[in-house]
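Sharing a structure here in structure tokens format.
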Amino acid sequence: MTDGNLSSTPESGGSSRYLRGVYTEYIVGAVSVPLTLLGLLERQPSHGYDLKRDYDEYFGRGKQLPFGQVYATLGRLARDGRVEPGEAEPGDGPDRKRYAITNLGRAEVDAWLADPVEPEPHLQTVLFSKVTLALMLGKPAEAYLDRQRAAHLVRMRDLTELKRTGPLVDVLLADHALFHLEADLRWIDLTSARLTELAEAVRKP
Amino acid sequence: MLRLGLRLTLRSGREAFVRLAVTTAAVAVGVALLLGVLAEFHAFQAQSSQPCWACTSGNPVPSTLPASGELWNNSVDFYQGQTLTRLNVAALGADAPVLPGISRLPAAGQYYASPALAALLRTVPADELGDRFPGTMIGTIGQAGLTGPGQLAVYIGYSPTALNATGGTTWVTSIATAPAAEVFTPFFRYAFGIGVLAVIFPMLVLISTATRLAASRREERFAALRLVGGTPADIRMIAAVEAAVSAFFGAILGVVIWLLVQPLVAGGALIGTRYFSSTVTPAAWEYAAIVAGVPAIALVAALISLRRVQISPLGVSRRATPKRPTLWRLTALALGVALYLYGLSVTSHQSIGAATYPGLLLTMVGLVIAGPWFTWASARLFGSVSTSDIVAAVKAAGGPALDKRKIEVRNPIKTVGAHQVDVRLHPEISATLSLEVSAA
Amino acid sequence: MSTPVVAGGILIEARDVRKSFGQTPALRGASVAVGRGEILAIMGPSGSGKSTLLHCLAGIFAPDGGEVWLDGSRMDTLDEAARTKLRRTAFGFVFQFGQLVPELTAADNVAMPLLLNRVRRRAAYQTAETWLEKLGIGDKGGRRTGELSGGEAQRVAIARALALGPKLIFADEPTGSLDSLTGEKVMDLLVGLAREQGTTVIIVTHDARVAAYADRVVMVRDGLVSLDLGPESSAAAKHAAKAAN
């Protein structure tokens, strides 16, 4: 479910690869659209139109998700058994179908939310989606945040160890990464403190 | 541990050293004053217990001159306003008692003069003074026969028949050795006692105040020591050393000051007559008592002042909050004043009322005990919450250390309740601090 | 209950510790165990009780409830004198503020726990000199600590902590007042020397980059140890393997 380029082996060679990998290859955003839509669907069965509207409102950040992408994704999810298209309702076109999540789909959302994201800088978008969804779905967001904290600290520990033995260039890179990871952690702390507020905000509609 | 205490006391930097020096100087002055008072008291004692030979009451001269004893004829002369004690004496036998201050009685045509008189005789023309005394001066009267170095006295020798012919002659067989019963001696004794107290009390107060002032600066330091495993006993030892060292050096310095000043004091006159300078000195045991006692008192004062302070390793001094001073504090003072006034009321020419002395003592003690009540009462009337109080409260609440000069109090805070003050953090940035003042 | 990763057994352990200050509960049943030679970081938001936990583990406070075990025997039931003795024989402290005597010299400060323990003056000062050298401030021995920079003062504190050869070092925000580079150097020294001596270290910090030096991280929230952000990294595993040999 994750992007393949960020597999990192903890030995120093792998860490170097990881470091350089972080800054040269980075694709995350696109991957979580199916999962986000799936998560939104877990709330209640919805039309594609409603899903797109909700996605744009919470996760779009100014960019609207194209209808085509929504229906294509829904189609793929249906093919994989994550969702079940309902009966076609009176009206025209595929957009009048109401989709419902399957148990397989539910399990996949659970696993995705529970699994921490690979610690790297600039992951707020993914983390943000996960936290928001978790709150919408009434899942234990705090626990997910904790697991993310743990993953971050492990990475930071490796980087700190690396600084002891590596060449100066790697030390500088490691410092940079450490500061960003620390920033992530502070964001996680702050979000953690705001969880009750956030839960209120997302449950409104 | 002792060395650690010494090290902390003596090598703690300039500011601490200045504090130490000031305390030492203050103690020195107090000690010097105390020694002066003691010395004066000694001299006074010496003088008033001087055997009063002039108090000898003689018998009337029998019709036949006896073969023992001597004839005396006292008189008082004057020279330029000074009293001149004159004793005309005639020995009747070989066993005639010798007057104090001389080795043998003057024969007719001889006289002994006191050193002061002898000095005058050397300078003053004979027709003004020397001619009054028939004969030649064969020596000076020693200290035992005089009341003071400035006394003018003369023992003049006469033949018994010549003296018997003069009126007012008495026959003396033994010379009185009892001191003169001065009605004012008890008065002066009390006065000296009070003088000693008057010097000791402020010194005690000074020492304890200095100890307590230094204590607040020391708290952080002591917390650091407690953190690394210093016991409360270690802390007490260090505090005690600090107090004792300054008091000890102060005492020594005070003794030195006294010794330098003593010649001047010895020359001065307290109640009209000068004292012999050899008597104007504290006894050896008194020196020792002061040099040992002052540091001991400082030590005890330091330990007592630390009793209520608990220094924890984290620097939070959980002071057992002293209770608000109650009116009971005034009882000793009231009692003392009452006793004193009662003693005054029964004072007569014969004696001073016995109650005045304890009354005065109790008043002094009572003032010290009642002090905190007066402070509290006047603070209630006149005091207000100061910027230092605010800074301390902010710090105690876990906030940052503010500069008290930056706190602007709009109106003096004299009431309980909510108040607001501004804190000028920056020329352009001002924050508002909300305070809650509660009754103590 | 979070358990340590290193072999060598548990050195110090808090079991269900409770502590309140007046009406405010600071710890509400905190439990954590620290292994011999382990470096543990305790993180948490301010007010969570992490410093209080450290103080209870160090015997500075006696907890209101629960137990603290040191090396197999109860520590929380010891009286004040015994706990004070522990602080000068078995524990070292590196705090953010208020730990050095500013009017005394660096050498005085480092020698202090030894002197308090009645070690002879000459031996104490020689040890102090040695450790000041190891911390790279051998030339500052005669300077008053109030005149030293923040980083130098913290090095003095570390020297003082290590000079008595303690079993445990307790650090509370050791780099709190320092800039990043100085802080890094201080942490390198603290952790490096502690590992060299096999000393166990417990660090309380809110700074993740400081916590990253530790073998294991626990989080304290609302007076409880709520999370063990354990040692799944290889670094800790490597260290564990080394320590076990």
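Letters A, B and C name the chains as they come in the text, with residue numbers starting at 1 for each one.
In this text, contacts are C-beta pairs under 8 Å (C-beta built on N, C-alpha and C of every residue); 3 or more make two chains touch, one makes a residue touch a chain.
These figures come from a predicted structure and were not determined experimentally.
*Asks:* Just to be sure I understand: the centre of a chain is the mean of its C-alpha atoms, right? Then which chain's centre is nearest the mean of all of them?
*Replies:* C
*Asks:* So, comparing C-alpha centroids, which chain is the farthest one from chain A?
*Replies:* B
*Asks:* When the centre of a chain is set as the mean of its C-alpha atoms, what distance in Å lies between chain A and chain B?
*Replies:* 87
*Asks:* With chain centres defined as C-alpha means, what is the inter-centre distance between chain B and chain C in Å?
*Replies:* Measuring from centre to centre gives 56 Å for this pair.
*Asks:* Just the number, please: Cα centre separation of chain A and chain C in whole Å.
*Replies:* That pair's centroid distance is 38 Å.
*Asks:* Mind pulling the residue numbers of chain B that touch at least two other chains?
*Replies:* none
*Asks:* Taking the complex as given, what residues does chain C use to touch chain B?
*Replies:* 55, 60, 81, 84-89, 91, 93, 95, 98-104, 108, 112-113, 115-117, 121, 144, 146, 160
*Asks:* Considering only the defined contacts, which chain C positions touch chain A in the complex?
*Replies:* 45, 188, 207-209, 211-214, 217, 219, 226-227, 229-236
*Asks:* What residues of chain A sit close enough to touch chain C in their complex?
*Replies:* Of all residues in chain A, those touching chain C are 10-11, 146, 149-150, 152-154, 156-161, 164, 178-179, 181-182, 185, 189, 193.
*Asks:* Using the touch definition from the top, list the residues of chain B that touch chain C in their complex.
*Replies:* On the chain B side, the touching residues are 1, 3-4, 7-8, 11-13, 16, 220-221, 223-231, 234, 312-315.
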